[in-house]
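Per-chain residue numbering starts at 1, and chain names A, B and C are given in the order in which the chains are listed.
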Amino acid sequence: MSPPPSESAASTIGGHSESGPAANVSFDAELARAGANVNSRWGMALFLAKRYPLGGVGLAIVTLFILVAVFAPLITGHDPLATNPSISLAKPAAAHLMGTDFMGRDLFSRVIYGARTSLAVAFGATLLGVVFGVLIGLASGYLGGWVDLTTQRVIDMLQALPTLILAMAMAAALGPSLTNTIIAIAIPKLPSIARVIRASTLSLREMPFVEAARAMGMSEMRIALRHILPNTLAPLIVLATAGLGSAILVEASLSFLGLGVPEPHPSWGRMLSESAAEYVRTAPWLVIFPGLAITFAVFGTNLLGDALRDILDPRQRTSN
Amino acid sequence: MEKVAEKVSADTPATAKTVLEVEGLKTYFFVRQGVVKAVDDISFSLKAGEKLAIVGESGCGKSMTALSILRLVPDPPGRIVAGSIKLDGKDLLKLSDAEMRKIRGNQISMIFQEPMTSLNPVWSIGNQISEAVMLHQNVSRHEAFDKAVEMLKLVKIPEPSRRAREYPHQLSGGMRQRAMTAMALACNPHVLLADEPTTALDVTIQAQILDLILELQERLGTAVVLITHDLGVVAETAKRVIVMYGGKIVEEAAVEDLFENPLHPYTQGLLAAVPHLAALSTQAGEAASRNRLKEIPGIVPALVNLPKGCVFAPRCPHASDVCRNEYPPYEMKQPGHGVACWHAGKLAGGAHA
Amino acid sequence: MPDGANDMNANVPVLDVRNLKKHFPVRKGLLRKVAGHVYAVDGVSFSIARGQTLGLVGESGCGKSTVARAVIRLIEPTSGEVRILGRDILSLSKDELRESRRQAQIIFQDPFSSLNPRMSAGEIVGEPLLVHGIGNKKEREERVAALFDRVGLRASQMGSLPHQFSGGQRQRIGIARALALDPQLIIGDEPVSALDVSIQAQVINLLMDLQAEKNLSYLFIAHDLAVVEHISHRVAVMYLGRVVEHAETRALFSSPQHPYTEALLSAVPVPNPRLKRQKRLVQGDVPSPINPPPGCHFHTRCPYATEQCKVEVPPLVEVAPDHWAACHLRKPLVAVV
């Protein structure tokens, strides 16, 4: 029979506790928090950006990198490949915002153009991984039987190797080129995508709407493409976005090790490897700027991926 | 062989003291579509040892009422925005979280619909029941386990001491619901909230479980709030019935009164819409097979941004302008028989069947 | 239509099932060895005439949903014979089977998971037409609009996604989809069990109206005895994979011959508080279908069980005119030689 603690009388209305007849609930504030006044696509985007501020930051960073990659020639006047030994290892200054490297190439434009390489590899590898991962996962989950058994064991083997080791092995086997780097990075992505697609296929396969499709006489192929695939998109988008960051990182690592994108494409990873050993003391900007570019690109895609997971996760969709 | 003890005489005299009193309770959900008034200004009271049923369709607020009483409304997006819930005169909404935890499972406990998901699969049945006991009573683990076995015996689980060491997946659905009941009653609560306790069960098992809950209720003197959509279950178990629609109480009466003289058009419609087993029906001709059922037109309303006026008006055959403009007051039309309908007086008796 | 000839003959049952069996292997251990079988459906026979409804009742695990799926080969039966409009369904090739799907359609229990959440209501209802290449785009759209109208939805709702409909409306979409191919037989697997009482009545009425209009046959599976009684011409009661009683509806409900039917009827809560019945509660749970009890499956719970019941499987025999029961305690009608 203890009296109510006074501090809880007015303020706290959170968790599972309501303190007192809560005349102090502000309907407008509550509704705004729930996003009730959202009525347009842009409003929705704004609401989500507010609700997931880090996701908004991530989206902004990714967008920025894409814009930079697309409009690279407009952003910088310097040719990233033009050498000028006379200004080798120039310090950052107005003429060369990030300085120059040992061959006198403008570092700013190399970092800008490097975004093209990184994003091409990241998106290319992700796309490739998604297309083949989805096909494998769908076939494995929907057909079952020996198809499933075989692909699952192959996937087990692929997953037993760390991503970077596998990518390195692939890159070494395929030889250095932009396309081969994309393939080398895509292959380690296959297992996780195939796994996710297989798992959702397995559960979707038992859904009554799939039974209904079968009962109306639809072919298995069509059921897989029309009824199962579209319903696996949400986890796929999350996985693909989250994978962009790791693709950028793996590309940088491969290029750092000399297994990645070859000259003349400017690559952040190779920029680091060229400079790290010799110039890190004398010309630290050669390491700092490409390093920052990698960090921000990975950071941005990871933030975006996390936010998308929160938004698209079916377990969180109940409040809609 | 068990028999359902049918009792017509009031076993809850008017003098019994009130254990639970809900006043002006409002539980709202704030979602993107707006305010969902899941429970909208409901009041009722429950006397010691009483059997009350809350009946209604999905989304009428009946389960949310139970969760509000236990202060287990998911937040966000839900909030209890007004009202009071008095247990033995003490307002639960004014308690701290810690104090509330001492109430839950001790003075008020709840049985849920799905006995599989409401038991933890990694602990044995006996372990889970004794944990509930130890939470609220100052007893040793050993004593608590003994109590658990005793409770399992009470809910007629054969070989209780062996069963206590088994895990939920080893029990059938009916046995799990018995175990849930044992856990809910282990601390001898004043109030038992049973939310669709038999909906997930087969009809022969449902009969066993209802029979069990009623028997224990009488033996232990617990007041029961039975939440269900099944009018048959209501008729066979409750003494008093609350009908909810659209988050509000639309009618409340003694069970015989409600089934024979429903005053609210929704209650009337609901009773007429259920097919009756002809072989068991006393109302001759009513259940002649393959006639059209009397349907309530329209759909169960979504509780977001409800229009003004009576929530049932869009589906009501008697709705007039006043119904569409103003929510009807809840009035006692007869002793112990309240209804919220503008036309209740005129419709009394005539409209049903 | 390959079945044109059969259509002429009104005496051919729309659905004729003989000794249908479905055994699911239970695999155990590392090598997935078959450790036993679930006798989900164990020798079930029945037939449904044109324009008639057979109600199939029983508790969970009795195999009624397996029967529903096996008769249209959504699940391949282990053995038996299934004829739809006289045509043996089990001997059809995959392509023939797809074509024959037009004659029998199914309505599911859960109005939420039975519709693809990413397709509009109109697409869902029009899909069977698309699959069978019926009509051009415009004709299909008109047909879908007509179906919407028939099941009580507005044609303007064709573009909406399933989640924008209520449970009852979604079940109407499922019914419209089943009707799209103009089938003779509709299998309802608990089609109203998930619906609210007031909505359930609407859907039952709709199903009965459609039957009267199109002379449809229904295999109506449900656990709610009152609903089954209301909608069915004949009723079969299943227990652990077998039909234990089968009769015309009124006969079955007014004079049940099998102790299990009796127990089921007794257990149904009746919405009449003044009605005081002596309930005959059966004890215990439904045994596991993996190793069902020998003899009569019901003997473990039956108050009248004898020694014979524990060892000998009772055959389904005619115990009263057109009233079949599988119980040792019922004497068969004297066979007319």
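Definition applied: a contact is a pair of C-beta atoms (placed from the backbone, for glycine too) under 8 Å apart; a residue touches a chain by one contact, two chains touch by 3 or more.
In this text the structure is predicted, and so the values were computed from the model without any measurement.
**Student:** In graph terms, with chains as vertices and touches as edges, which category applies: line, ring, star, complete, or other?
**Tutor:** complete
**Student:** Which pairing of chains accounts for the highest number of C-beta contacts?
**Tutor:** B-C
**Student:** How many Å are there between the centre of chain A and the centre of chain C, using C-alpha atoms for each centre?
**Tutor:** A distance of 48 Å separates the two centres.
**Student:** Starting from the mean Cα coordinates of chain B and chain C, work out the distance between those two points in Å.
**Tutor:** Centre separation, chain B to chain C: 32 Å.
**Student:** Show which residues of chain C lie in contact with chain A when the two form their complex.
**Tutor:** 69, 72, 74, 97-102, 104-106, 108-110, 113-118, 127-128, 131-132, 174, 177, 180-181
**Student:** Going by the contact rule set out above, which residues of chain A touch chain B in the complex?
**Tutor:** Touching chain B: residues 1-2, 4-5, 8-9, 13-23, 25, 27, 30-31, 33-36, 38, 319-320 of chain A.
**Student:** With touch defined as at the start, can you tell me which chain B residues reach chain C in the complex?
**Tutor:** Per the touch definition, chain B meets chain C at residues 1-4, 6, 8, 57-58, 172-175, 202-208, 210-211, 229-236, 255-256, 259-260, 269-271, 273-283, 287, 289-290, 292-297, 299-300, 302, 315.
**Student:** Could you list, by residue number, the parts of chain B that touch chain A in their complex?
**Tutor:** Residue list for chain B touching chain A: 24, 30-35, 71-77, 79-84, 90-91, 93-97, 99-100.
**Student:** Inside the complex, what are the residues of chain C that reach chain B?
**Tutor:** Touch list, chain C to chain B: 59-60, 166-169, 196-202, 204-205, 208-209, 223, 225-227, 229-231, 233, 249-250, 253-254, 263-283, 285-286, 303.
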